[in-house]
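Per-chain numbering from 1; labels A, B, C, D and E assigned in written order.
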């Protein structure tokens, strides 16, 4: 047939180091050697969309204008719950860890108990790091409410954390890469605690795509596994591609050693651990963020 | 018609002919039993109280009366700009339902459009007449601007005109589209005697040549006597037509003629006797 | 009465269309919940007090920001209209700054005020102020000069002139500008509530934002409705009576 | 003073006394060699060309002239509302630098404030006078509203008034603050004969009792002769004072008196001889 | 000339204060870069074409959205001013919807238009339209009735009346509304560029957003400056001449 028989697959990701697979695959597509394209055959075209944040990508999936996307765990899970497990599924893992709690290098905070009466910034109320932070504080025996308690958790947008951290408006920050590295480099922060047992990014697909193009979905999940492996094996090359692509997408320069520094804290993996999902959901429930259904049985659907 | 007293002046012969004509010719405007009141913060103002008036085709009617007695309201109702509370207004036998080109009003304030220059203002009404070429329109506009002595100010903005000049532009704008019925509200109030006198002549010429029907409000009794076939006296609170003076002098009339002065004196006297009661109330 | 019925019918039809769109399942029910879902969210939120609390908090911020915007903006607008120097400096700044999205003010607000209500107010004021300045200036510059001249010869000067002549003469413009300023204030506040997180209370902006974060469109649409209704109420309670008064005084709006 | 011809009328005795007075009394207003031109889209209009004029304390001056000849411009310059291109204006010997309460203008258009009601408008100027209690102010405002026959319309909005009523409110507003110098631009143009006549009397009374200095623009020559100590004739293009007529009739003057009519006829004649040239140019 | 110098001096002082604040190191240089850093970002971005491309893309969207807003909003405003039925329905909607933040329109835009330029335009139009409608309505309702009456008796009707009388008479208001609409359009577009992801082009909104996300304050401030300058240019090129013309025609603004 003619060109119009090409299947267009719309793929999303954020211009962020924790979405390295997406960024790198996008870079390769841009170079004409698309990672997914090569594995899906000649009749497939991939369009890449870069989202500013999870909810935008989820809206796009609901609106039917996006098929697959790399996305942080929180928005994907929320979207899944909200659609009663009917519209969005995780088809593969992408990255774990990468989050940390940092304090000033010269901070008197040495032990968890020193956080009493202090202010900790998290990126956003109810997001992954916010929930982790609250769960951790509770585990340390603190009483934390949404607007106060023994330790005050102040949700603060990532870009604004730096200013507040520097000016002493907050004493500590619980956030995710690349901001952990930024805080270390620009605001003399020291990592107090690294949050390693946490899902950061995964690859989700719309239910419709899974239904209509099961074969493609399968190949994509497999390709993602391969890509992740390739990234693990070619760190330097991957980082170079990442930096170039991020520059292309955000018009901002990334320092290579900053990327390298952040990279170390992220664990690129395609495994999706049910335990981690259950833990995240339970923490969220404990912190009072989930009210409706939290059935995770259909969340992961490996094609 | 609500007339308490009618005084006839001028030669008997002319009088009976025009009397005849008026009976034969159908009324161009027929106002019957029209009342109009306004609600304001302070109370109700009865601007017109059961006013009736017939105006024949080609007649020139002048309305005279105290300030605030309802003359402008009367014109607005004839024009269809305002609805009477009761009574009917007919033009050419058909009830007036709204304003239109057939009955053009020249308002008491100049009401010129500030977004157009002088020429644009005069052209405005002309553009609404079909069957006029662009050149024709421009010629007509220029003609009337010359008539009112403002050719030099064709391109001026409205706010650059003096009070009298604004009124003259307004006059040109009203005359240019050549309406069948013209309702004029003190069109010469802001003009000096000399300009007025020229315009008396011009208006009479235009009126005669085009057989216009004109209802003309003025405070100048002499002016009324000079221009009108009939002069109607309004009295205020409530606004009513109280007297009617046919003026049967030959045309064109000279504002300074002695005959005319006699008429004017008559009318003024009537006006005063009417007004006296008013004044005692007002003060 | 007939007017009311017609308008009610119009909005009823909109509601029916919405329900029909929902039933037809053209769009994902997550993105387009049914009116009933939205109503039930509203009911629950009303019952558990979330809505009332958020509305009160937001209204407090909105009114404070808006009033500051007016109180600072009106005099600035007058100055700008009056003196070339102000027009060239503050007026120019106002023209440039009014197009800036609210988010631009967030870093500055945090730097200066930290995570406080003041920071939020700052963002709202910056979002409102310049449009009020510009509307006031435009209003003053469109005042027919005859009023000023008449007042001058009666001995009106300076402050008296501004407050007793120029301002009232420019009122129709200024009220129109205030209405737009109100919309600017709302939109800025919504941005501020999202970007400036503070602990002193959850407003409608946050409810809207978290609704979106959680893909809870019933919540998003419900809050949108609340915002719309507040906008209408503000008009009915505040702007509409002023406008009616002006129209009655000026004798306009008989069209 | 640029005067080509001066005609003296009235009794010699009165004439010499007022002549004397005028020399002794310092000029209240001294306009010297004032020129003013306006740039418009079409070209330059010379509204005033080297006009000089002395007005004594307590004098009543009437300005008469064709439409657009610069009368309003003259008043504006005296008021300090407009700056002359050249020449000087002094009031009480001091150069006029801007408008102020001392020289109140009643404009050609009513210029009422639509955001105030009738009473508020009249009160406006009064509020700017120090040393007046609130009650006093209200009484004064009420007095002048009654004078112009509008007590009933105290609470009315401006747009609810007829043309003549607006002008009367404007008059009340101008008289109420009792300014030393009053500059009036066709204050009676929209009024009927009867109302005018009453106001002629009132104005003269007020003027005499308060020793006001009044510069009064009108198109009505009779009105000028009735009110003015002197009547000045303006001619247009460029605007100049061409003639001056002292009117030395005893006061209060009756507008209908024969003496006054004679003066008016004289002035009209002069106006016409002046205007004739104009007209041929204009048409 | 003196005017220009004074204004220049004012802005120079602002610049010096900024430099002084930078030198004093009150705030981290990451948060408050020096004017030179911003200038150098601007230079680089200008040289490598980023800036020009982003500006062109943003301006195209802005103009398209703004024009659609005007073209749709003006007639709607006229209808609203003229007929009670429209006032009760569309007018009421406009009052309610104008306060909604732009982000509310994003899901709807995606639903209806997918991830296309049209979706972005939709968000911009929704952010602009209602304010234009309201400004037009206010303008029309404030037209002195004498103009309409005069035109009526000269036979002006319907469309002629609207286009030759009501619209020009309301122009001072409408232009003021258009200026505010322009600001709304900018702010909506900035939001739209962040929230609506499409393939075609990278605008100033994205530059601003990513600059902020990456704490590249030099980029953020540089883009803010570009937005401010574009705002000023728009005024100089478009609004100012119209206003000057109106003032000359109407004889206003001699204050």
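FYI, a residue touches a chain if its C-beta (ideal position, glycine included) is under 8 Å from a C-beta of that chain, and two chains touch if they have at least 3 such contacts.
None of these values were measured; they are calculated from a predicted model.
Participant: Along the shortest chain of touching chains, how many steps lie between subunit B and subunit C?
Facilitator: The least step count works out to 2.
Participant: Go through the assembly and pull out the chains touching subunit A as well as subunit E.
Facilitator: Chains touching both subunit A and subunit E: C.
Participant: Tell me, please, which chain's centre (mean of its C-alpha atoms) is farthest from the centre of subunit D?
Facilitator: A
Participant: Just list the two chains that share the greatest number of C-beta contact pairs.
Facilitator: Max contact pairs: C-E.
Participant: Averaging only over C-alpha atoms, locate the centres of subunit C and subunit D and give their separation in whole Å.
Facilitator: About 50 Å separates the centre of subunit C from that of subunit D.
Participant: Rounded to a whole Å, what is the gap between the Cα centroids of subunit C and subunit E?
Facilitator: A distance of 16 Å separates the two centres.
Participant: Find the geometric centre of each of subunit D and subunit E from their Cα atoms only, then give the gap between the two centres in Å, rounded to an integer.
Facilitator: 50
Participant: Using mean CA coordinates as chain centres, what's the gap between subunit A and subunit D in Å?
Facilitator: Comparing mean C-alpha positions, subunit D is 83 Å from subunit A.
Participant: By the touch rule stated above, which residues of subunit E touch at least two different other chains?
Facilitator: Each of 27, 31, 107, 110-111, 209, 212, 250-251 in subunit E touches at least two other chains.
Participant: Hunt down the residues of subunit A that sit against at least two other chains at once, touch-wise.
Facilitator: Within subunit A, residues 59, 62-64, 159, 163, 167 contact more than one other chain.
Participant: Which positions in subunit B touch two or more other chains at once?
Facilitator: 109, 117, 157, 160
Participant: When you check every pair of chains, which ones turn out to touch?
Facilitator: Here the touching chain pairs work out to A-C, A-E, B-D, B-E, C-D, C-E.
Participant: Which residues, counting only subunit D, touch subunit B once they are in their complex?
Facilitator: For subunit D paired with subunit B, touching residues are 38, 40-42, 64-68, 71-72, 108-109, 117, 146, 149, 152-157, 160-165, 167-168, 185-186, 189-196, 198, 219-221, 268, 271-272, 275, 278-279, 282-283.
Participant: Looking at the complex, which residues from subunit A come into contact with subunit C?
Facilitator: Of all residues in subunit A, those touching subunit C are 54-55, 58-59, 62-64, 74-75, 78-79, 82-83, 87, 124-127, 147-148, 152, 154-157, 159-160, 163-164, 167, 169.
Participant: Under the touch definition given earlier, write down the residues of subunit B that touch subunit E in their complex.
Facilitator: 79, 81, 98-101, 103-105, 107, 109, 111, 113-117, 124-125, 128-129, 157-160, 173, 177, 183
Participant: Quick check on the complex: what are the subunit E residues that touch subunit A?
Facilitator: 27-28, 30-31, 45, 50, 54, 106-107, 110-111, 114-115, 194-199, 202, 206-207, 209-216, 219
Participant: In the complex, go through subunit C and note every residue touching subunit D.
Facilitator: Where subunit C meets subunit D, its residues are 146-147, 149-156, 160, 164-165, 168-169, 171, 246, 248-251.
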